[in-house]
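Look at the two complexes coming up: chain A is in both, with chain B in one and chain C in the other.
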Partner chain A sequence: MEMKNVVSIRNAVALLILIVLVVLPFVMSGYVVSLVASILAAGVLAGSWNLMAGFTGYVSFGHQAFFGLGAYGTAILVTSLNLGEGSLFYSILFGGIVSAAVAFAFGYLAFILRGPYFSILTLGFSEFLYVIMVNTPWFGGAEGLNLPPVYVLPKYYMVCLVLFVASFIFFYWMRQSKFGFALSTIRQDEDAAESSGVATLRYKIVALTVSAIFPGLIGGAYVWYITYIDAVAAFNPHVAVQMIAITMFGGLGTVVGPMIGAFFFVILSELLWSSMPELYLVVLGITIIFVIEFFPRGIVVRAMEALKTEVV
Partner chain B sequence: MSLNENIILEGQKVGKNFGGLAAVKEVDFSIPRGKIVALIGPNGAGKTTLFNIIAGVYRPDYGSIKFGGQDIGGKPPHIICKMGISRTFQIVRSFLQMTSLENAMVGAMFASQSWVGFKEASAKAKECLDFVGLADHANTVTGNLTLADRKKVELAKALAGDPKLVLLDELIAGLNPTEVRGAVELIRKVKNELKITPFWVEHVMDAVINLADHIIVLNYGEKIAEGSPQGIVSDQKVIDAYLGEEYNF
Partner chain C sequence: MENLLQVLIYSIFLGGIYCIAAVGLNLIFGVMKVINFSHGELVMLGAYFAFWIWKFTGITPYVSMVAVFIILALIGFLIYRIVKKFEDNPDFELLSLVLTFGFAIVVTNLVRYFWTSRFRGVFLIMKSFEVYEMTISTARFLPFACGLLITIALFIYLKKSYVGMALRAVSQDAEAAQLMGVSKTNAFLISLGLGCGLAGVAGALFSTIYAVYPEMGFSFTLLAFCIVVLAGLGNFKGVLIASFVLAIAEGMTGFALGSGWKPFATYFIIIIALLVRGWYWRQR
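What follows is the complex of A and B.
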């Protein structure tokens, strides 16, 4: 197949998927809508983790912190001001801003460290926030915070879809931008990047901040959807593990890898969960091992190579 | 030493300790604009450390470094690079997953003080690859190039940001005789055609004597001699510390 054909087919498929995703909540059952919302949310989360690990070369084991910060930011705003459903969008935005602001400050501290030391710090960072939330009554303590019990699935779905598309466009743009170029040099050789005039600290902090905004917004939307948040759910390491697994599944350092990886991963989880709940995690674990062993660069990258198309 | 229009880089009593070890000890140097100054000395003499101090990788413990009259000691590397000092590394550190062209584009885009977009960077990078003789390999991934070619990529990357001074850390070491001749010619061209002043660490003495206008010799972190190539090769201290008795010029 010619390159041009592959590209136009790919664009057509992308457009088709977008149309399906927009129409879906109007025609499908609540179950399907919530399942697809989970896919979209997981894609955004994995893509954000991939911005640091895949593009910048900084592996975070505590990225659930930014999801949790967004969830708490939104929940605290809503509960302390007694807001209703009308505040949904801007309270979610507030969650994203909280997450980004903390990430910005954390970046100054964290980027003194590199490699595994950075990774361990991110692990501690999330645990630190967990302990703070559990022990602070104003943050709801161990009991967490309750939001107004409203049914917001269609809005939740739409927020996830918008974030999915927005993050896709951002990562796609970034790949061919000066910003993406700078991150790539940092990943390959940070000292050489710095010596070549790349203001590495500034770029890393911006990257971390961006990679915290999207999870923060997802966290804010999620808290409206389940109408409740506590520290266990907000700062659950399982969220980070899922980001990592999905990205490895799809393709580290690619734009579409985490997005398509999320689709396979969430569907697979759902099928396993409903058909063999007792073996769910065992089979999922074996599947991840299998994929990483035989497709170490991810299934999406492998497929793109097979189609002889540019790896995006 | 006074502030002189013709001195591009000047260090006074520059020093750096690692723990109890004086890696660089009260070294004075001045690099005249448009001259090739070579820095030689045995392994561990502090040559690369001095380069790292100039490039901002290490903060000097004492002493001052002035570049074009401005104090640069302790500034971060990316700022020093943007001010006009670029460098190549002894152990080649190109971005191995990028093509030669992209590597040179990094220099063009980020070493410049003004905003440089992709188009402009790509044109500048092509020019520099052409200059170092690597135009044929513009789209080759750097990881697939030979050592000699990777060194050329390093040089192209360093030149692409239009520096005033380029620190060359053993650009020639590890090359075969033919490649050495090419590299020597290249350094000469950097000075004559691009009007960029090279400050050059090297072990290959034939090349140094051929090319350098001025030589500074370090040993155990201290400057033990400096002068013209002819003066240096007959200096007893330099012969004892570095060149050896059997070195014949």
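What follows is the complex of A and C.
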């Protein structure tokens, strides 16, 4: 009886949050909308990283590559074909496909490795792409690529919201699916999983591809939003580190952890940024250290344990 | 042709500095299994300390690097305080990564806040000498010589001394080493102290030839990671070879394609080396 109550309260809260998020762009100022959009985007990015690190046990240090590939895929399509605002959704989709295709191919090679070697390979891969992009004129070189300067904040917000909801539903479904169980066996003991007949390589490649689609789409939408991309912004290792920090903040291997972590992390960055611009990164770093020291499993897991509910 | 030889020699000299930075990271990773994401920031701090000592007292980094080593070793103990709580946590690797990343952000931005983003450098006036009709600047040769000597001294220390043996024992099997009466805490403290101190020394030597600025840390972290991975985690002789291989590859690529392509060689070699390594493991 009690469990049922908790579940229905949780569903009601989720529904309420969804309604607020849908209504928000119609009633709030541009600043709030862009802030919430960056929370949603950060949540999707962190959730994608969590799919590899938290659910599959493969820690990627180079997930910014998939964000960057999506951004570049979209930007190159738009600039080389001289497309206008009407192509927004198709071009974002194209960015996501580029990112997923590269992830699929990369997975075949990369999953020969495990543990820290895999992690460093992802970082090397991302930096490799960065060096190519920044030195090749066709990719805009060091100057980057400019998109048509259009105001797309409402559309950007919508894309972020759709991706946020889609990724949430996907991760929530995945937990109880055969796919999710397969990933969980890989995380716990890959050799045992393989010898019990789990097609580990196939599952890992699917997981990596999925965890690359979402950042790719976010990257594509981001390019439209800021109307400009260069290699430094697209392949910045701090993007991956932010995904890691947010996920650890919220709770590794949980569905809602990265999403709630993103909320706290982005709000905290914004508050610090506006109150003390010179020292904001110092305080942010100290906060990361303290949160990990006191809540190593994440604030969400801690809160759920305190409320005695099932950890989602 | 002469230019090429010059580039080759200076790349080898740079390799000597890479070597000390990477050997420290390798020591920490080998013994503690901690991924020290702030390693490059420690190199940067070492460079700044050497610069300030030179600026105010005129003592050259070759002397002050002893002081820099001690200061950075103390900072290493501070890092130990931060990560200590999670020693036995199954997610130790990941937690320490995030913690040291947080530490790296704090250090970079404190340095930028107090010492600004200006490019700094230690200017030492030294004569150059000639070998086989090649002019070689002493200012570039000395850091290389120091780096090589320190690295070799560290190898001998790890190989021959009792402490070195204990460190190697912990890096091979921490539990078994503890059963044999090796204190894990002491091993961790010594490896962090040595590793971070050496990062500082690398920075001090670096400051005598190249510009010092707050953001230089991250590229050093990446580079040290690459060297350690190429060498094999915990393999010390490999570090020596890998640093020179990477430094030469960087120099040659920069010479052939322009300096923007320098890191291309590093990452290309890393990716190929890792894949070959993985393929080789799979075959066995």
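The working rule: the second predicted complex is superposed on the first by the 311 of 312 C-alpha atoms of A that agree within 3 Å, B and C clash if a C-alpha of one lies under 4 Å from a C-alpha of the other, contacts with A are read in each partner's own complex, and residues count from 1 in each chain.
Throughout what follows, a contact is a pair of C-beta atoms (placed from the backbone, for glycine too) under 8 Å apart; a residue touches a chain by one contact, two chains touch by 3 or more.
From a predicted model like this one, the values you see are computed outputs, not experimental measurements.
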Overlay on chain A: chain C relative to chain B, clash or fit: fit
Contacts of A:106 with chain B and chain C, given as first, second, both or neither: neither
Touch count on chain A, higher of chain B and chain C: C
Angle at the Cα centre of chain A, taken between the Cα centres of chain B and chain C once the superposition is applied, in steps of 10 degrees: 80
Partner chain in contact with A:58 - chain B first, chain C second, else both or neither: neither
Which of chain B and chain C A:49 touches, first, second, both or neither: neither
Chain B versus chain C as contact partner of A:263, first or second or both or neither: neither
Touching partner for A:178 - first (chain B), second (chain C), both, neither: first
Partner chain(s) touched by A:196 [first = chain B, second = chain C, both, neither]: first
Shortest CA-CA distance in Å separating chain B from chain C in the superposed model: 7
Chain C-contacting residues of chain A that also contact chain B: none
Of chain A, residues touching chain B in the complex: 178, 181-182, 184-185, 188-189, 191-200
Chain C contact footprint on chain A (complex, rising order): 53, 59, 109, 112-113, 116-117, 120-121, 123-125, 127-128, 131-132, 134-135, 142, 237, 241, 244-245, 248, 252, 278-279, 281-282, 284-289, 292-293, 296
Chain A-facing residues of chain B, complex: 55, 57, 76-78, 81-82, 86-87, 89, 93-98, 102, 105-107, 109-112, 117-118, 157, 161
Complex interface listing, chain C residues touching chain A: 29, 35, 82, 85-86, 89, 91, 93-95, 97-99, 101-106, 108-110, 113, 218, 222, 225-226, 229, 233, 257-258, 260-261, 263-264, 267-268, 270-271, 274-275, 277-279, 281-282
